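Okay, so chain A shows up in both of these, paired with chain B first and chain C after.
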Partner chain A sequence: MRILISCVLLVILSLGLVFALEQAPFGSNQIDNADKPGRFYLNQGMEKTGAANVVTSVVVTYRGFDTLGEVTILFIAAIGLGAVFHSRKKVKRYEKEKQSASLILQTGCRFLFPLIVLFGTYVFIHGHLSPGGGFQGGVIIASAFLLLFLGCEEKKIPMKSMNTVESLAGIIFVGIGLAGLYWGESFLENFLPRGMDYMLLSGGVIPIIYIAIGFKVGAELAGIVAGLIERNP
Partner chain B sequence: MFHQSTYFVGCVGLMIVGLYTMLTKKNLIKVIIGLSLFETGIYLLLVVVGYIQGATAPIFSRTTGSPAEMVDPTPQALVLTAIVIGVAVLALALSLTIRLHEHYGTLNLRKIRGLKW
Partner chain C sequence: MHIAGMIAIGIGVLFLFLGSFGIVRLPDVYNRLQAGTKCTTFGCLFAVLGVGIVEPAWFWKALLVSLFVLLTNPISNHALGRAAKKSGVPLWDGSVVDKSRDFPSYANTEKL
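And then the complex of A and B:
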């Protein structure tokens, strides 16, 4: 019965989607008009913000406030996860027989951890020039910590300093926004000089904000991973 | 190359598979997997809608970079936001699942009180 009702609902939904998508054929130019925001970002984004990656200039500059909210959502999710796991000490833990990681994993994680962190750092520092950015680089760094949790059990991750890094990065993000309000005209305004196009130091505040986001997302997701892994809450 | 509507069919198909999983499965982990599939379908659909035939990624460089030959950056920025929020939701859902399993000893939604339909 459930399956029947679900199938009827899904058929209705897919028919609706099919008729909606008929209005926008695949590959058609939906931003042919200069009034469309996408066309505006493409035409003006590089000149106004100095970031070669238009997606980055949209995420950090034009929709910067939205990105601040997004980072806040991630932060709240991390807090919620901590709150869910906080009271579990009373619950009887499962006694699992500990099985150490294999030799390949133990050796590989020692070798790969710095490389993955380096790659993540590269991705978020170059977020305004190449594909990537703070979120992607942060997730790569968090995956390095996941590898550490899986492979090197004897290595302790200092969660206190991770939390400090996360808070500092958040403060830097909001502080740059307030500085834009002070030296510029609006919150999160690009008040620094544009710099040379296609160079690392270009785009004004965009690289700084993305570096802050990279640290914040990396620390936050590593904290989430640590919370989900039972032995290191 | 594929027929043009193949891309839409793939995205919508992924969404439908995810929703079907969410609606019919009884195991909570499978429901969360369905949620994740559904999200992935939506991301793909948004990116596909923003695609322009023959256009490149919206990134300027020294050699290439005509704004007329680039795809729409707005859906890509939106999907970037959506992916991060999806990860946050997934982490929170999994943590609640762990707590539910500790409390009830099962992940079967029929056996967990108050969650049957």
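And then the complex of A and C:
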């Protein structure tokens, strides 16, 4: 009986999915189907900002102020976590139960760590050309540091310099915004030359901002992971 | 070329489906890890390589992605299984072999 009911439910669900997805225009030109603001960004975004990735042109230029807010939220979250974890004395009683990682994990960590960092760097440097960007690349770099925490415990990560990198990246972001206010007309305005479209050096300040965001997010999330592991509850 | 790529993607999807089925149906952590790793590694490999065959311009990227899946997936599975064994997760009652008893570093994890 239960099997019958579940089969009927599955059939209903799959029919619903089929009918819902039938309406979606897969593979067709999305510009014609977009509504008016969407069409504006798809048509004009590339010309105005020089970023081949429309999502990036929206995230970094059209609503760059909002992105600054997002980065600030992450920063405040990291600070809050640090405040919670540093308010007590370092707990030592879990030290003796800790066991070192196996040979497979250590070797894999040593081999994969530079490659993952390279991939994360690629993702945020090409944020204005291909899918991806500062947040995604930063998270990939933070996952590399998580692997380092798991696999190579003898390698100490210098948290002081991580914090310095994070603060510097935030200062660069705000500084570029203020420079846009000084040389241009508004906060975060593109004051650098556009460069050639579809090349790595294009889009003016967009790649610089995304590189700063990538460093900031990566350092912040790695710091959060380090704080959680240090507590080791 | 297109048909060959589609067949490869189909094989990959079939294995991914079998892996998810195994995660639901198998009895304990270790068996589920097996389903969740072997099937997803093989399925991802075929799906990604199939995409590379359908779109020849993406072939080398697809090859790189599949290499990384081949490297990372077994390592994560190994780490998960080892952590489960070390923290004393019991084997299924019907298990017939437990090779970890031969190794002294796993000796004191039985009674937890």
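By definition in this document, the second predicted complex is superposed on the first by the 188 of 233 C-alpha atoms of A that agree within 3 Å, B and C clash if a C-alpha of one lies under 4 Å from a C-alpha of the other, contacts with A are read in each partner's own complex, and residues count from 1 in each chain.
What we mean here is this: a contact is a pair of C-beta atoms (placed from the backbone, for glycine too) under 8 Å apart; a residue touches a chain by one contact, two chains touch by 3 or more.
Here the structure is a predicted model, which is why all the values come from computation and not from measurement.
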Which of chain B and chain C A:Leu148 touches, first, second, both or neither: neither
Touched partner set for A:Leu9, first chain B, second chain C, both or neither: first
Touched partner set for A:Val58, first chain B, second chain C, both or neither: first
Chain A: partner with more touched residues, chain B or chain C: B
Touched partner set for A:Ile211, first chain B, second chain C, both or neither: neither
Touched partner set for A:Val123, first chain B, second chain C, both or neither: neither
Which superposed partner A:Asp66 touches (first chain B, second chain C, both, neither): first
Which superposed partner A:Phe135 touches (first chain B, second chain C, both, neither): first
Chain B partner contacts - residues on chain A that touch it in the complex: 2-3, 6-7, 9-10, 13-14, 17-18, 21, 24-31, 37-39, 41-43, 45-46, 52-55, 58-59, 63, 66-67, 70, 73-74, 76-78, 80-81, 84-85, 88, 91, 129-131, 133, 135, 139, 198, 217, 221, 224, 227-228
Chain A-touching residues of chain B, taken from the complex the two chains share: 4-5, 7-8, 12, 15-16, 19-20, 23-24, 48-54, 57-62, 65, 67, 70, 72-77, 80-81, 83-85, 87-89, 91-92, 94-96, 98-99, 102-103, 117
Chain C-facing residues of chain A, complex: 99, 101-102, 104-105, 108, 111-112, 115, 150
Chain A-facing residues of chain C, complex: 68, 71-72, 75, 78-79, 82, 86
